[in-house]
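Just so it is clear, A, B, C and D label the chains in written order, and each chain counts residues from 1 on its own.
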Amino acid sequence: MSTSRLETFCDGVFAIAITLLVLIIEPPDSGSLAHGLVHQWPSYLAYAVSFLTIGIMWVNHHEVMRHIAHTDWTFLYVNIFFLMTIAFLPYPTRIVAAHIRGEDERTAALFYGCTMTLIAVAFLVLWLYPSWRGRLLRQDADPAAIRGITRSFLPGTPLYAGATLVALASPTASLLCYAALALFYVAGSVLLARP
Amino acid sequence: MSTSRLETFCDGVFAIAITLLVLIIEPPDSGSLAHGLVHQWPSYLAYAVSFLTIGIMWVNHHEVMRHIAHTDWTFLYVNIFFLMTIAFLPYPTRIVAAHIRGEDERTAALFYGCTMTLIAVAFLVLWLYPSWRGRLLRQDADPAAIRGITRSFLPGTPLYAGATLVALASPTASLLCYAALALFYVAGSVLLARP
Amino acid sequence: MSTSRLETFCDGVFAIAITLLVLIIEPPDSGSLAHGLVHQWPSYLAYAVSFLTIGIMWVNHHEVMRHIAHTDWTFLYVNIFFLMTIAFLPYPTRIVAAHIRGEDERTAALFYGCTMTLIAVAFLVLWLYPSWRGRLLRQDADPAAIRGITRSFLPGTPLYAGATLVALASPTASLLCYAALALFYVAGSVLLARP
Amino acid sequence: MSTSRLETFCDGVFAIAITLLVLIIEPPDSGSLAHGLVHQWPSYLAYAVSFLTIGIMWVNHHEVMRHIAHTDWTFLYVNIFFLMTIAFLPYPTRIVAAHIRGEDERTAALFYGCTMTLIAVAFLVLWLYPSWRGRLLRQDADPAAIRGITRSFLPGTPLYAGATLVALASPTASLLCYAALALFYVAGSVLLARP
């Protein structure tokens, strides 16, 4: 399969998953609407964090594909597994939106965090598999640039796992960590003009 | 990232958000079906207004991309933020469809209007950022045409904000203002053959 | 806007609307599951009829676009209006699936039929506007082929309107008419190898 | 219609159906959230099995299209019918997720299995129709490779039908059979580097 076709399919799943996220927001069902809409700020926050995270993953996925010369069966299924974790994200987003500030908020934040960490692991595999000894990379790939990308992707998993552990102390802080990670990432890309 | 890939991704989100809108219409749950289907005209109106607005935004997004020569990280994330507001629209559309003509209609119309205004602001940034001093524009872009586009985009935000303020006086009138804005826009494009 | 970009956007809406249809099927909520799954055959029928109709509309839309040389603003908005009717179809499909064989079945079938007729009218405009005096057609379009297409599209509206009127006598028969129209259309295309 | 346009449309439906699957998972509605999230493992399993199956079908669909030189009307509608079965899969996935380990689990597993078998049959037709006497194949297609593909696709239907029959003895085992079939398929592709 050509890399461009694989990339188009992945882009489709990214675009759909990111747009489906809005369905996780449940209309408030009792009391005044104004109070209900304000009170559900965790839903907006969860929406924004997941939206931005999928957006960043989409950008990073392109970064990976830009260096890939060809695909093989393993890489194809690594992509499908990665998409499975991305497409799953609306569910924990919905859970965290419904339960944060409630009595089960720790469970909800841990569930959300585990999914985010799983996405980070799947993404790491998505990069390490094709780049290992240049397996699927373009012939003209610059080894220094490749090592730079590996270095920039490695901290993702421990950072996401760390934000998940924060949920044990404070579920809301955990969600804010994910927001901060996404915003720092965007700010870093913009300010440092990451290669 | 190439502009064509960014544009394809944005088109995907536009197409999905516009098609998801139908899910905001809740089947009437009691009384005669005929009465229920007629009585829910605000849902059809909200569906049509949001559909047309996203359609117009899609057309305008192309107008922007047509003049862009290359992207940078800031423009990429400006696009993702813009898409976040577009993809959010089904939620306030659902709120306004459920509450217009009800006791919380003012809140619902204000919520809808604020989202529309946010979309207008995000879209303005989407144009002003790349066009400021020709930052990301094509070399051969005609300065007069660029100024013309800026002039045609500037009134959007105050018009949308104005329609939102109308909700304070009459929520239904506010919704009709959005319908009128969309229809005037379409009629203007067709009659004046906007460049 | 290029015709290929318009066509890609329309294809996206077709693909999403056709795939969203499955969401109209509500799981049976009481009694034995086996009985419930069998008893909801109208949902499967409505799913299949709407799926096939959108599929046929997609094929016909290509037939139209194949002859179009360029677009103008009116054609752009005619397309958006046509897509608005296609994207709306899941709602009446859900209504007819829930109410056929129930006490409000006539209303449901009329509502479904009116939407189908509206789609047929919108599609006719989609063809008559660009083909009128060859307005947007390719220079090398064969006039005889164009007249042949017009002739093949004209019966759609009266046939769909007729199937809607059948609902006044028998709602189930009306739904079967739509199924028959779709199947005859497919059979005709296959057997006659329509140009 | 060109094969590339048909393939793009099919890819869209695959991407949407695979991403919609997450909507089948219902949040637990009572008791502790932690218990509810763990207790709903059948939902995760059903999500993963259906996701992987659609992913494999997408890969196989490309395998078919790679050998097709042109389309005809019959092949177009065979594709639409095949997509109808793929797009339907979220519904039985939802049924099996809700009922496995419950009192109606046999019915749910049979319903799921029948849909999977129908997909397998539709896929077989999708290959046998264009490859029969090389009807729509490329001129340069290698007859030995074509026979190899036919041989590799033929076991699908009896294997899926067999997994469905397992549901009569044990519904959970039937679901695990589908998981095993998908995993064996992936492992086989990766290890044998299927042509």
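Keep in mind that, in the parts below, a residue touches a chain if its C-beta (ideal position, glycine included) is under 8 Å from a C-beta of that chain, and two chains touch if they have at least 3 such contacts.
Given the structure is predicted, the values throughout are model-derived calculations rather than measurements.
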{"item": "Mutual neighbours - chains that touch chain B and chain C alike", "value": "none"}
{"item": "Shared interface numbering between chain B and chain A [over half = same, under half = different]", "value": "different"}
{"item": "Taking each chain's C-alpha mean as its centre, the one farthest from chain A", "value": "C"}
{"item": "Averaged-CA centre spacing for the pair chain D and chain B, given as whole angstrom", "value": "37"}
{"item": "CA centroid of chain A to CA centroid of chain D, Å", "value": "26"}
{"item": "Two or more partner chains touched - positions in chain B", "value": "8, 12, 16, 20, 23"}
{"item": "Pairwise touch network: line, ring, star, complete, or other", "value": "ring"}
{"item": "Chain pairs in mutual contact under the definition given at the outset", "value": "A-B, A-D, B-C, C-D"}
{"item": "Touching residues on chain A, where the partner in the complex is chain B", "value": "8, 11-12, 14-16, 18-23, 25, 27, 32-34, 37, 47-48, 51-52, 55, 58-59, 62, 186, 189-190, 193-194"}
{"item": "Residues of chain C defined as touching chain B within the complex", "value": "1, 5, 8-9, 12-13, 16-17, 20, 23, 72-74, 76-77, 80, 83-84, 87-88, 90-91, 94-95, 98-99, 104, 107-108, 111"}
